[in-house]
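Okay, so subunit A shows up in both of these, paired with subunit B first and subunit C after.
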Partner chain A sequence: MNGDRVIARNYAVAFINSFIDDISEQDFLAMQDALAFWEENRKTFYFLEAPAFDAAKKISILNEVLEKLYAPESLKELFALLVRHKRVLLIRDVLREICALYKKRKNILFFTISSVHELHDDELDLIKQFLKNKTGKTILCTCVIDKSLIAGIRCRSETVEWEYSVRKQLDNLRRQLILQGST
Partner chain B sequence: MSSSVISTLFRFINFGLVCAVATYVFVKKILPSVKNKIAAKHTELQDIAAENKNLLEMQKEIQEEIDEQELLSRKLYDQISVWSSVFQKEQDLYRQEQALVVKRLRQRLDTQAEYKLHSQLRAAVLKKAFEGAQQELASFFASEKNGRQFVTSVIERMRKDLS
Partner chain C sequence: MKVKSSDLVSLFEKSLVGVDLDKLDEIGIVVQVGDGICQVHGLTNAVDGELIEFDGGNKGIILGLDEETVSVFLLHDSIVVQESEIARRTGGVFKTVVGDQLVGRVVNALGEPLDGLGPIKSDELRQVESEVPQIIERSPVDESLETGITVVDALVPIGKGQRELIIGNRGTGKTAIAIDSILHQKGKNVICIYVSIGKRQANVARIVRTLEQYGALDYTIVVSSEASEAVLNQYLAPYVGCTMGEYFRDKGQDVLIVYDDLSNHAVAFREMSLLMRRSPGREAYPGDVFYLHSRLLERAGKLTNGGSLTALPIVQVQSDDITAYIPTNLISITDGQIFLDTQLFNSGVRPAVNVELSVSRVGGAAQTKAIKKMTRALRLELAQYHELLAFSQFGTELDEVSQRQLARGALAVEILKQPQFVTYSFVDETLILFLLKESFLDKVEHKDLSAFTTQFISYVKSVYPKVYETIFKQQDVSDQTKEQLVTLATEFSKLFVSQEAEETKEKE
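For the complex of A and B:
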């Protein structure tokens, strides 16, 4: 398992070294989507290991999936290479490593911005600017609607979380009152 | 000499002979055995006297020992009385302390039970209050106008922070 991760990392490093300048932020977001899609449908792709399918068939299936996800062309080449090397099951790990490496090399922090209502573009730009100012990194984000916030915004990345919502204020108040009660 | 005189003379001689024989037999045969018996009795008497003396000494020693034992037992009895009274006092003290500990423990348990009840009540009230508040806030911010207003205020905060 550890060996697989090392191999996946090697593929990812080679990919990033070759294509980092060709990958736009949009491409990166598409790769993130592809990774999420792969994580969700892991078991579905086990059939790609089956020897009944020839390599060309597998590559065409993978290309179709990548096209649906608007992934960059370079990724198709990488997947084709993995199929030819009979390492289809490493695709998920390789994708994960690529995303991590890309973020590291480009100094990117990826945020999921949650709000109760859809945010306008200017609001989103300001939020990105705010987060960039706070973290000193390039901010990429995806927006989701989360009614559980009641009202407000939550920005969450792997390492940073910023939230100003009614839900959080309620939680803080509850925590304070519980603490007051226990002293 | 007349025959009566001779007869008397021979009677004397005869008597003398009988006396001599009797003396001889007494001195040679009876006296040593009597002497021996007397000596034996004498030794026996001396032994008995010595034994008597020993017994008297022994009796004296036993008496002394009895006196000592009596003294010792009296002392022991006194000590036991002292120990018993001290032990009794300690027992009383221990019982008093135990009663105090039990009393404190009961007080503590009562306080804890009271605190627990209070916390449970508080938690229940808080839960209810927060559920109500959450519902009210959710219905208030359900309208896009209010929700947007809140987001705008947050964005304004961010803008201020940036400038």
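For the complex of A and C:
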């Protein structure tokens, strides 16, 4: 683990130790969204690192983003602290560590459920129950539409995947045919 | 391969029915890629050495487990692995194809053909990292494996199941000894495997051509991992070759495997270790570089089922320094070494075997009795010769005994010279060494030695085939045979006409 990650982890551990009971599942999902936003928009941190802006301006920009993502107040405080400590570039790593620690402490597995059409609540509950039975963990999920599956669904977390889709079967078939062709 | 569309539909239906709906695949996400290695987050229950499949079609092997990520080395350079790509556990380890179909083929470290002779149809796959045979399964090394090289068979004999290191500077004939040993196995029911590690393509092509030219490819497998290939392939190649050899050994056959060379293998492993950020030790090699080679060479041996795996690892040294890290490791692992000397090589002694630094720890027990009888005093004679040679360089006047020893030594050195691609059977070697031992060569001029010995062998073979056959069958020279040989040699000495005399005759 390199130096920056160690520092990021220390901030995250301190944050989780202080606020874990105040963070709801909704807050966690909001933090996940914030993480996804900054994974996609990494460049924003370089602007925030620029010395041309003062700390107050940077904090207000960050707060604005977090408010739009419905992130908890405690996270705003942490980000303000990071800005004051001149560790803006660590924000993404800290947030990632917070999400990982929260999931670990609360025994949560976060799934992205991909399907060809929008899933109803009862269907989603069924899937969640199935995944809970399989993993023994609290299941949180987000749904996305993925037409490339052709038919069926795919549930993917960081460590496990369950997929029953036409695309997967076609992929398997393609591999089998390639294997047969090469022997 | 052509597949009908109706077949495809039925295959698809089958695959839909056969899905295990209860199974959760364990996956990980690639977080870093570069230099043939990638870090994968996830894969919580993955084990060391496990084969990993990437969604993009590449595969890799886990060689490092960290707290949050695993280090996966990639098998294919050509297939791109991207950041955030999904990596899946396969639950199995890396396996290679084995079987009779591999004989005569040139394959890469993944067992894929490189010779353009079509796919290898083999039903059996074996793990490349398998357990070494246990003590109870092993039998002592007591059967000779002829190399056809007189100096080796006489002074550093190799037994079936032995591990004999070939060590020397660059360009001293290490590969030549190994290739000659392979060529000599023709018709001896020995399967040969040549593993090329980190060599140039042109070198491998030349070796393959040589093997083909001398008809040795019919019983040889060439496993090649070129210098330009992924570092993992260079790391895997010797294990893959060994696994292929074990298939034949387990069937009760004799196998000779050449690892050319393990210095490159160690360098590949060092590269991998440094990429995995393992702490470097002596010469920047990781701490377990000894285990890397010991676990490979321990797989050689003779088994009670009759099969054997003889290993000839090659290692390159710098400036004839055999005290470097990897050479000393290998010397301590193997059952002896053949040291090739640059000075000897440059002075025209080929094979340039340094007799004083070369040793065979177990081969003596396996040496053919006939050769053993003929070489009892040879090592001592050569040692005395080299000692006196150094002494004589100071211009000291030597007594008659010393001069005789010098002359005998020079004769021995001359007789042990052998051109490349020319190998002798043990009977031929016995006859040559007999001539030396019984002083029949003392009066022959050095330039005529080769002609004298070659003609003597032909003379015995053609005029007295029974004597030749007796030595071959008994693998020994009895007192009676010895007497016969003395008579024959005396007879031949009278008949032999030196090259000079022949030329003078022609002129007249």
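The rule is short, and it goes like this: the second predicted complex is superposed on the first by the 171 of 183 C-alpha atoms of A that agree within 3 Å, B and C clash if a C-alpha of one lies under 4 Å from a C-alpha of the other, contacts with A are read in each partner's own complex, and residues count from 1 in each chain.
Note that in this section a contact is a pair of C-beta atoms (placed from the backbone, for glycine too) under 8 Å apart; a residue touches a chain by one contact, two chains touch by 3 or more.
These numbers come from a predicted model, not from an experiment.
Contacts of A:L170 after superposition: both subunit B and subunit C are touched. In the superposition on chain A, contact of A:R42 is made with neither subunit B nor subunit C.
When the two structures are aligned on the shared chain, A:Q129 is found in touch with subunit B, with no touch to subunit C.
In the superposition on chain A, contact of A:V116 is made with subunit B only, not with subunit C. Of the two partner chains, neither subunit B nor subunit C is touched by A:K68. Of the two partner chains placed around the shared chain by superposition, subunit C is the only one that A:V160 touches, whereas subunit B remains out of contact. Of the two partner chains, neither subunit B nor subunit C is touched by A:H85.
Contacts of A:A151 after superposition on the shared chain: subunit B is touched, whereas subunit C is not.
Overlap of the subunit B and subunit C interfaces on subunit A: residues 164, 170, 177, 181-182. Subunit C contributes residues 1, 3, 8, 11-12, 15-16, 19, 21-29, 41-44, 67-68, 86, 88, 119-121 to its touches with subunit A in the complex. Residue ranges of subunit A in contact with subunit B, taken from their complex: 115-117, 119, 123, 126-127, 129-130, 133, 150-153, 164, 166, 170, 174, 177-178, 181-182. Those residues of subunit B that touch subunit A in the complex are listed here as 119, 122-123, 126, 130, 133-134, 137-138, 141, 144, 146-148, 150-151, 154-155, 157-159, 161-162.
Listed in rising order, the residues of subunit A touching subunit C in the complex are 1, 134-135, 156, 158-164, 169-170, 172-173, 176-177, 180-183.
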